[in-house]
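Next up, some structures in structure tokens.
Two complexes are shown next, each including chain A; its partner changes from chain B in the first to chain C in the second.
Presenting the complex of A and B:
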């Protein structure tokens, strides 16, 4: 089972991701509303998979991805953001994210993205 | 502001509501807001814009629409805190999605939420807000775009 952390400054989005993730593959271990909080929770709970918003106060998602990758290069980060330009997507991937899901999203979208992100672990 | 630019935000509105189970959104004809009289309903999520385009994009809606929208996306908690959260998130999503066309240079802030009708909104000088009316179910909301002309 993969330990999951949700990072988003919107409580509504955190709650939606929490409700949406139906696979027994994941166990929610932490939620954070900004990058700085995410770093603290990451060190304490050591998640394997992280969903990461980009536009947040107190450390944005790109800076947070950099720090999480430094702490654990193997962590699987799925960016979940409304920022739809290619340059931002590429930047997130270059910093170490493994996938990108554009907001708005449906329950099916987030489930499919998380399963795709972790499929290689179950081959 | 060009029709093409307004269309980018109309597409964002339609895209947002098409991702809810109740996809019955209708977008009205955009109009130019009267100068000095910003359009605002019960709650407004405002996104500051910087870069080549300067100004703001905001989504304004009645509480009842936001409550219904929360329930529609499966969120049972329709507390004031979640209404504030949602109105900001809708504004953020519509503004963020515009970057597919406007590029990374269309830099957006985190949302600021205003409750009630403000006496003034500090909108960019020498510009007026284009208002895009939105009808979803039996409710009316709006997205406004107020960017300085280059």
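Presenting the complex of A and C:
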């Protein structure tokens, strides 16, 4: 059972992810609507897996990823974003995120991505 | 990591071991045999010495015998005899039974018993002769050397006598021994040579076998390598994608598929950088994004299955010169995947495919989809529109658009000529827009509005040239295509409903679209309008006339709502009924002329506003305007550039509505009369010639 944190400024997206994830695999420990909130929750709950939006008020996703990686380099971050600018997505992965899921997504999409992320054996 | 196995090399190892074993055994035999041969040589030497000793013993005996008066010489001879006898006897015993004797240097030498046969026979025979001889000499030597001793002389004589008798036989026997030993040594030497020859031959044979085997294996493995090289080449020659490897510095590997050279029309790809391959083919921004993306794949923590969406080169358009120097446009799809060797990411495998056809196909599909959507929209528009007036609209519109097309084709050089064209076209397209709007044909109205926008851009262009009109042709064709589509749809609809479209006998058209148009416009402007029609259906109207009347009414209604009628609020403030009324009356005069009267109860025509506007748009100077009568001022509303509205919108503001009316009436050879009173409204009276005139006009 892995601890999951959802970071997204949209309440709709947050509840969609919450509904989608398999409860036997992930335990939702925190939800945050912006980067600053995410850092606070992260320190308190120490999640293993984080889904991360990129465009958010009060600290964006890129800055947040940088800080989370500094707190725990092993945290598995999945960027979930609708952006059309691929360079920003790539920057997020350069900062330490491990995967990218494009919005809009289906329940299967998010589930498959999270399983792929957590089952992935590093070379 | 492959485990080192002995299996592959077993044959070679066995061969080498055999080679070493053979060499070692030849060496050992050699060593042993040469040791034996050296022993044999010693024996031959000693046997030779026995030969010599047998004669020396005899010589010493004879010397003793002849030295009767020289005691020193006699003593020497006796000593010599003593030594020779001892040596001979020891050596003979050693030869016979094995034992130690002394060599020429006085060192002890071990001898093995001589082989049975010739040597042993000679020894036995010699022993037979020697034993009595030795006994006699021993007795002699016991007597001392005194010649006066009779025993001495007697023993000497016995010994000399025996020796003389047997000495030659002894020599012969010792010679026989020597020969026998020599024969044995020779036999051994030749055996050694044979062993050496055989051993060396075997070793060489073995060596040749190893060599052959090794060469065979080498050839086999070379063949396998060659085969796999060839297979790789075949794959790279025939594969339908561009394949190549990239290292972490994004340098392209030595091997790549032939398709890659065909896609990029270049051969010198090996060892160049990925950037140089795509240089000047894609934007710098795309290039740097692509570099970052590929570098992500070298980052082990990134999950390559979860970054596909970020690939900036999954559908990229490039313009590239082909082998004939012709530029062509291609869509390429790049895919990247990791190559992991022994747990580390060694390369990224890039696959490029030319997806131009797929992209084109999907664009065609998109276009087809859009087209069918717009057809559906058109269909629903047509079905909602006034069915009786649609064929008329299509016919009128085609006529108007053809007129526009003809105007566009007219040569024009000066700015004044250009502007003249703009205004003529403006009037036609504005009429078209009005009709489309009245019938609720939004797609046509929108296209017409777009057309008007473009015209307006031309009208404000100080340096207008003939070429600037070209853009209009494209849009015009688009409208014509739509009209064509609408016409076809109408035909189909007509067939479907089993009602043939009969525009020529549109006896009693339905005019309710006037109210629809009015409601639609009025609602947008915060007004309420009631259309009251009379006389329109009192006569069987020729289609042409019905169409003209329809178009005139539409423009009058549009004009009245946009310019004449006040908002509900304003009317209430003025104590007027909130709902205004537009009265349309149609009748035939006794003279045969037709009369159309359009009357509204709006604000009337504000001549002061017209005057200012006319000055502003440069139609008249201020001085001229002050000299103009009310009637002259009102006439200005029919000139193309005047609109009292400040901004153009879907409903009005281009100042063309009245020009359209003027042109229509002029075309039919008719007249317009205007009456207006402030806050009371305006009345437009149109007189059109009789039907005969119309027929000639239409032709």
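One rule holds in what follows: the second predicted complex is superposed on the first by the 118 of 123 C-alpha atoms of A that agree within 3 Å, B and C clash if a C-alpha of one lies under 4 Å from a C-alpha of the other, contacts with A are read in each partner's own complex, and residues count from 1 in each chain.
In this section, contacts are C-beta pairs under 8 Å (C-beta built on N, C-alpha and C of every residue); 3 or more make two chains touch, one makes a residue touch a chain.
These numbers come from a predicted model, not from an experiment.
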### chain C versus chain B on the shared chain A, clash or fit after superposition
fit
### Query
In the superposed arrangement, does A:68 touch chain B (first), chain C (second), both or neither?
neither
### Task
In the overlay, answer first, second, both or neither for which of chain B and chain C A:21 touches.
neither
### Message
Applying the document's definition of touch, where does A:102 land relative to chain B and chain C: first, second, both, or neither?
### Response
both
### Message
Just to be sure I read the superposition right, which of the two partners does A:11 touch: chain B = first, chain C = second, or both, or neither?
### Response
first
### Message
Taking the superposition on A as described, I'd like to know which of chain B and chain C A:84 touches: first, second, both or neither.
### Response
first
### Query
In the overlay of the two complexes, what angle sits at the CA centre of chain A between those of chain B and chain C, given in steps of 10 degrees?
80
### Message
If we overlay the two complexes on their shared chain A, which of chain B and chain C does A:55 touch? Say first, second, both or neither.
### Response
first
### Message
For A:93 in the superposed arrangement: first (chain B), second (chain C), both or neither?
### Response
second
### Task
Between chain B and chain C, report the minimum C-alpha distance in the superposition, expressed in whole angstrom.
6
### Message
On chain A, which stretch or stretches are contacted by chain B in one complex as well as by chain C in the other?
### Response
87, 102
## Note on the structure
chain B residues touching chain A in their complex are 15-16, 19-20, 70, 73-75, 77, 81-82, 85-86, 88-89, 92-100, 102-104, 106, 108, 110
### Query
Considering the complex alone, what residue numbers of chain C touch chain A?
285, 288-289, 292-293, 295-296, 299-303, 305-307, 309-312, 338, 340, 343-345
## Note on the structure
In the complex, the residues of chain A that touch chain B are 9-13, 15-16, 19, 55-57, 81-85, 87-88, 102-107
### Message
Quick check on the complex: what are the chain A residues that touch chain C?
### Response
78, 86-87, 89-91, 93-94, 96, 98-102, 113, 116-117, 120, 122-123
